[in-house]
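Common to both upcoming complexes is subunit A, partnered first by subunit B, then by subunit C.
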Partner chain A sequence: MSRLELYSPEGIRIDGRRFNELRQFTSQLNTHPNVSDGSSYVQQGNSKVICLVQGPMESLSNTNAGGASKLDHNGPILSININYPPFANNVRKKRMRNDRRLQELCVVLKRCFLKTIVSKNYARTVIEVNITVLSMDGGLLACCCNAITLALIDAGIALYDYVSAISIGLYNQIPLLDMNTLEENDLSFITIGVVGDSDKLNLVLCEDKLPLDNLEALISLGIEGCHRIKQLMDEQVRLVGTDLLSKKQ
Partner chain B sequence: MNIISITQAHRKTSHTIIESDDDSDIEMDDQGIITRTGTGTGASSSLVVTPGELITSDPTWMKGHGTYYLTSSSTTTTDENNNNNNSEMPTYSSLAGTIQKVNKLLTVVPFKGRYKPETGDHIIGRITGISVKRWKVDIGGERSATLLLGSVNLPGGVLRRKTEADELQMRSFLKEGDLVNCEVQNGGGDGGCMLHTRSLKYGKLRNGVFVKVPSGLIVRSKNHSFDLPGGVSIILGVNGFCWIGMTKRDGSGNSNSSGNVIGNNLKTEAGLTQKKYK
Partner chain C sequence: MVLSPAERSYIYDSLKSPDVARTDSRKYNQFRPLKATCYFLPNSNGSSRIFKADSLECITSVKANVIKTKDLSQLINVEVDIQGQRDDSPLCQDLSTFLTKSLIDSFDVKTLQLTDKFYYQLFIDIVILSIPADFQNSSYTLYSLISLTSMGTYLALKTTRLPLLTSSTNDKEIEEEPSFSDDWESSTYLISKESNFKPTLLFIVGVVGNNVIIDPSMEEEEVLEHGFCIGFNNNKIVPPVQSVMLSTVDGKAFSQSTLFKAMDMVKEIGAPVVEALDAIADQEFDEFDSAF
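Our next item is the complex of A and B:
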């Protein structure tokens, strides 16, 4: 395989973007109104993710019947599940049901959203989040995080703020925003989740080695990107909300 | 640092390159709805807010459901426990919905969400379990409701004593999966709500079709059961559970009497099926 030119001297990335350019971000809310309390669809470039939220409810909807006894008196039990079918990747690959990496991502997301949900409103309840990856072209965690935020909002669950996430990679001191698969394979990257319009990070995940002195530049670009994504999500929430309101009257 | 993002064309905008600015004012111009993120207290009644949005920084407003405020020590507190001095605490929204103002109480009513029981609601529930002297009822809310043995009408009259024999044969009155037409006795709160069927118009539902719609679409009104021409009656439960069934004609008029008493099933069922073929 020939060496790919990930970043040309003219400042163009492999898919024709600039270093600070997001992929096309599209989102939908309330996509599955009959089977879930909240649902969303997020598309970042060629990465497509569906998220369904059930709850808040008293016990888990499917099989896990033993959940009722260990309900939390201080907040909700958040169960996050990522379904990554074999066709979602470039190369067809069967994944084990308990893939180590996916489980790790679930834990990261769970920690992030337990801090974001106004937990005292949902004591002794269960919130079940199911994510299905339809196609993946980089930014798995970021897509999932954005999809969960939208689905939770759609479900009418109280959140302190939006959490918008993005991945940022590093190419020779240059931070690259919103990586795709080709870039993710060759470069080290970090995923961050930002709380609303603030500079607070609710989620940081780095699975590669990254020089520490470049971290600040990466994060500052990432925060700007997250703010933009939050803006796009907010527009969509308002659009769907006003649509729902018009149906009620 | 500017971010370049190309968004999909929708409505009027086409292939826009938007650069994020420092101020984060959000406006939606395509439907004439303009929302603000700045301060400001007096605003129209149906204002759309999203989570994390500053509603007001005026401390005179009381913070109701769907809002939160941050204390100075950055610990977060929510909702009703604003007895200590929460002055100078700006109110934020925690839901996507519309602002509702009652006197000085600010609440955010979500666009969607599970049914929240209120006392007096006429609802339909599904029995999910039986425990000591009570049925567990799924009413489509966050928590399931309780129907006490003492708050149903048992066969043989309204004022019958509930004996131990009744306790033992609770499953013969209402079993798992049955639909009950009932009323919320005391709703809200944290510990789930109590139901009762202590009126002749309530009781077990049979011979009909169950339909579930989003609870937000049902308006609370004085009457929730309607008789349609052709012997069809519908019950629109406030929780979005609806029932389409045959009009009960035994008794006087549409206040369906003895036919609705729980446990009186066999005879009524037979009677209704006969009527169906007349």
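Our next item is the complex of A and C:
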């Protein structure tokens, strides 16, 4: 057990939040208009992530091998790539390009977004998503998922609804929303992604052991958190949208 | 972009003409607009983001570590990572060595000295966010990134802050590990505002005929005959002065006079560039403001 007091008897967490409070969430759309079709920047507490989306396009931009034969007749080919530079964590650590954990996260995200993108509109196309993690303080998968949602919206790719994700941890029967690194190191947690304002989960990932009887409490708190994040993202999208519209006239 | 023979010869001839007509109507010694911000990575000691209008973007982080050596080649480590390129690709490796060498050549060891035995080791990590989509099909190389990355490194080093040392600096006789203050408010700059030391800046100069141009754009790079990488520090030309291949076609030899012409131009524009970068580094940024 850690020497840090992760949750005080008064119900205050290590960074001063209550159990059901999110960290500061800031997002930005269309940050890199010249290099990508859609781009976004998401900041959750001290975690900062940039996402660039290319596509829909006919073939992968940087692989010569990706010919027409590889294209899918029923939907888009989604390629997700997470770039995790050595400086993102507090302690500098170099990661291999084919780091297994990152590849697993890519697969989870890919499955989630293939169900979220209106795939019949994008038959025989490629959508390429590049994520760069600038600084990580917990909630890697959640940040990436939120950033991809925003970048896809910015790219004008049709989605059924927002997918907003959050991590929830368990401390002695008490669920903690939106964990930071210190909490993630010591507690087991689960990341969920919720579709829009519904209770449908499009993404669930749990890499630790969790008692099954607490799972329901975790997920219901998580869904609340996701709805809040969806609201914040929606506000930002509408802000950028009205701004764009006013420039066109 | 791939240029047609007619386009190539048009651009080539206009660059070669005595009044140096550039494609974007810049002067021969004028940079494209650059934007930069600093202090936005909470997990790093120093950080900068610098980007051009044509979408090349470079994010630099400086992290410090304490070790017991005074060998500069161990104290300064530069790593360049270009999105979509392998870590061991010649471009990444060349950029890293260029920057490492230029920094080591002029770095003031005193700024890195912590106590009699201990020194700061700096890890400078550079991420190039995206490269132009047509890079594979075109003849330009991305060596013009050298100047962007060196400016990014300059800003990141200038804005590097280190925690305040609370133990004594004199540990020659006593066996003592350095200890630091917990208070980030009392942190000090790696390069103090009073110090004269400045990291070396690298400039990329393109050569066409007898003309030299600074900061060549992609179209211009396609027709360049040659390129130089020139170091600048404290109003002087410093090593490395090196030739770089800015495009893979039409390489020609250069004359001595063009080399001197290029060095004169760098001398002339170096000071205003340093001044502009210092002004950016002196600005107050909030870590929690979004830099994007």
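As a convention for this text, the second predicted complex is superposed on the first by the 245 of 249 C-alpha atoms of A that agree within 3 Å, B and C clash if a C-alpha of one lies under 4 Å from a C-alpha of the other, contacts with A are read in each partner's own complex, and residues count from 1 in each chain.
As a working rule, a contact is a pair of C-beta atoms (placed from the backbone, for glycine too) under 8 Å apart; a residue touches a chain by one contact, two chains touch by 3 or more.
Treat the numbers as computed from the prediction; the structure is a model and nothing was measured.
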Could you tell me whether subunit B and subunit C fit or clash when both sit on subunit A in the superposition? fit
Can A:L239 be said to touch subunit B (first), subunit C (second), both, or neither? first
Using the superposition on chain A described above, determine whether A:S36 touches subunit B (first), subunit C (second), both, or neither. second
When the two structures are overlaid on chain A, which partner does A:N89 contact: first (subunit B), second (subunit C), both, or neither? second
Just checking: does A:N46 make contact with subunit B only, subunit C only, both, or neither of them? Give me first, second, both or neither. second
First (subunit B), second (subunit C), both or neither touched by A:T26: both
Can A:M136 be said to touch subunit B (first), subunit C (second), both, or neither? second
Greater residue coverage of subunit A in the superposed arrangement, subunit B or subunit C: B
Lowest C-alpha to C-alpha distance for subunit C against subunit B (Å): 5
Show me the subunit A residues, by the header's touch rule, that subunit B contacts in one structure and subunit C contacts in the other. 24, 26
Quick one: in the complex, what on subunit A touches subunit B? 17-18, 20-22, 24-26, 30, 33, 37-38, 55-58, 118, 120-125, 153-162, 177, 195-197, 220-221, 224-225, 227-228, 231-232, 234-235, 237-242, 244-245, 247-248
State the interface residues of subunit A toward subunit C in the complex, per the touch definition above. 24, 26, 28, 31-32, 34-36, 41, 43, 46, 48, 50, 52, 54, 61-62, 64, 83, 85-90, 92, 94, 97, 130, 132, 134-137
Quick one: in the complex, what on subunit B touches subunit A? 1-8, 18, 20, 24, 26, 28, 31, 33, 35, 46, 48, 50-52, 66, 68, 76, 78-79, 92, 94-98, 110-114, 142-144, 190, 214, 216-217
Subunit A touches which residues of subunit C in the complex? 40-44, 53-55, 57, 59, 61, 63, 65, 79, 81, 83-84, 86-87, 123, 125, 127, 129-130, 133, 136, 288, 290, 292
